[in-house]
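Shared chain: subunit A. Partners: subunit B in the first complex, subunit C in the second.
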Partner chain A sequence: MTSMTLDLHEDESRRAQKAADRWLIVGSILMGSLVLGPLGLPVFCRGIYLLHKAQTAGLSVRPMMVTLIGYVIIIDAAINSIGWGLDVFANHALITRTIFTAWGNLMDGGYFWHYNELWIGGAGAPGEKSWIIICIVVVFPMRIAAGIAFLQMRRWGHQWMIVTCWFGLITWLGYIINMTMYADVRYAGVAFPVIGWWLYNIFYITPFLAIPYLHTVNREIFSD
Partner chain B sequence: MAGRNGMSEQDRRRHRALIVFQIVVYGAMVAMFLVQLQMFFVKDW
Partner chain C sequence: MTENELPVGTTPPFARMHRWLKRGLFVCLFGLVIEGALTVPALALWYGWPSLSLTEICSELMKVRYSDDSLDCTQPYPLSGPPFGGAPEGAGQQTARDQWGIQPVPQYPRVGFRELVRIHDEREATDSR
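Entry: the complex of A and B
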């Protein structure tokens, strides 16, 4: 009788986890696509609500903190991959030339100043370009892979999440120091210098906030 | 008992190191922001 109840509890938990993940995955794909972000947020929130409901009902589902960190890291990497992927591979497309330079003119001259004038096209500052390429080729794919394994509660997912969050820290510090070195060029002639850039980017800078959590969480919850 | 004390001491050190780490990291970022802000007030952008 006891084992039957335990089996039932396990089945019920698995079913609730799957139902929540279905909403969370669809929401993440929509938000990760950049342009469909506003549609994805309510879908994602419904997934979080379902997970919370399952937790309060006493089912054994993935901890909320692990869920939020995992999905946010994946969404962050996906959004930036699309934006910077367009900058590297589609910098002569009409949409890129229009939206990127308009946005650059608004708050970040890095996407206006000498746009499409390097041999590779896109953003014209050598430092900026280097960060773009290293991020879309190495950092972001690594983050998405780590995020998926982290959500599956695998041990390597936890380990690689730590690696990729430290990498994120190096990336952001390096990126900000680099842009500050030529801030005079980067902000010259834009509509909202400095304040505009920081307001827009502050949300992208935060994912390495997960580092203290990742180093103090009970690692036994991540299994092989 | 000694083991438990050892554990908590290690945890305390780990927490302290993480706090120091966060102050250093955010300090570096705030410093960059302040450099940009100073330029914002001085330069004719």
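Entry: the complex of A and C
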């Protein structure tokens, strides 16, 4: 390849990447808002399609796995932040009081039992508030930052993605063990106890799907 | 698959694993989005909307939670409420039934599909008598 065509190839790759990212970013913002998800999904899929097309055309764009992990991890953190942010900062809004206590009554008594009785308001199940606050103040913002740097193929993005995904394991296990310790509070008088909770929450395991990839990908593709 | 056909960063020994992880990620993405979008409408329907308004559902759930039929959700709640200083809605309630101990056991009854509508209508009928 002459230097001229190499430049051209690079330019076109960059252009294709940018075009795909525009769709992916808009789609992710919509999906991260929870309620606008159905609008965001087709927009996001269009971005994935553009990226796939560029890849098959031989352009050097970001690998599909990096794209998927980066965006899905960001969306996962965003959706969780909205839910738990409402529980901390808007626990007396009508939508929070109605939907959260309804959700609690259906699947997780932690969001029903003595809801809005704690001085700070919101969920009052033992230990719950600590998990909520540590996640929305520390874990999720760090995870979103890691996701952005990972999508930019930075080395620290790859490293912090590993950190945040392993931290995901701690939060999941800690959270589930805490729930189990206070199982009566969480599941007595609930319409769909335990299995309902698992069916609902299983889609949040994305950090665990990312871990094996992060440790087996050729890390030379991430640069400083 | 030859090495040239593999995605950048994927080596042959891990090609199959990466493919399966990709499928898993797509499932999670679609799951998160569809479930996230359906949560609010599905819960509203399950607990009695549109027969009951959101405020009425809120109040019915509060009556169940604190085993007290006289309670209603204050709507709108003053902005000075938690976490900005004021008292939470359930502050000082004495009616909730629990088996208290180091591991409390709630004693409220299980609420079934659209059962709040029936409970609400029955109370209205009794009240108007």
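Throughout what follows, the second predicted complex is superposed on the first by the 221 of 224 C-alpha atoms of A that agree within 3 Å, B and C clash if a C-alpha of one lies under 4 Å from a C-alpha of the other, contacts with A are read in each partner's own complex, and residues count from 1 in each chain.
Please note the rule applied: a residue touches a chain if its C-beta (ideal position, glycine included) is under 8 Å from a C-beta of that chain, and two chains touch if they have at least 3 such contacts.
Since we're looking at a predicted model, the values are computed, not measured.
When the two complexes are overlaid on their common chain A, residue A:198 makes contact with subunit B while staying clear of subunit C.
Once chain A of one complex is fitted onto chain A of the other, the partner contacts of A:212 extend to both subunit B and subunit C.
When the two complexes are overlaid on their common chain A, residue A:106 makes contact with subunit C while staying clear of subunit B.
Of the two partner chains placed around the shared chain by superposition, subunit B is the only one that A:169 touches, whereas subunit C remains out of contact.
Look at A:95: by the touch rule set out above, it reaches subunit C but stays clear of subunit B. In the superposition on chain A, A:180 contacts subunit B only, with no contact to subunit C. Residue contacts after overlaying the shared chain place A:114 against subunit C, while subunit B stays out of touching range. Residue overlap on subunit A between its contacts with subunit B in one complex and with subunit C in the other: 184, 188-190, 205, 212, 216. Subunit B meets subunit A in the complex at residues 11, 14-15, 18, 21-22, 25, 28-29, 32-33, 35-37, 39-40, 43, 45.
The part of subunit A that touches subunit C in the complex is made up of residues 31, 34-38, 40-41, 44, 55, 60, 63-66, 68-69, 72, 75-76, 79, 88-89, 91-95, 97-99, 101-103, 105-106, 109, 112-122, 181-182, 184-185, 188-191, 200, 202-206, 209-210, 212-213, 216-218, 221. Of all the residues in subunit A, the ones that touch subunit B in their complex are 169, 172-173, 176-177, 180, 183-184, 187-190, 193-195, 198, 205, 208, 211-212, 215-216. Across the complex, subunit C meets subunit A through its residues 7-11, 14, 17-18, 21-22, 24-37, 39-40, 43-44, 46-47, 54-55, 57-58, 61-62, 64-65, 73, 75-77, 81-83, 88-91, 93, 96, 103-112.
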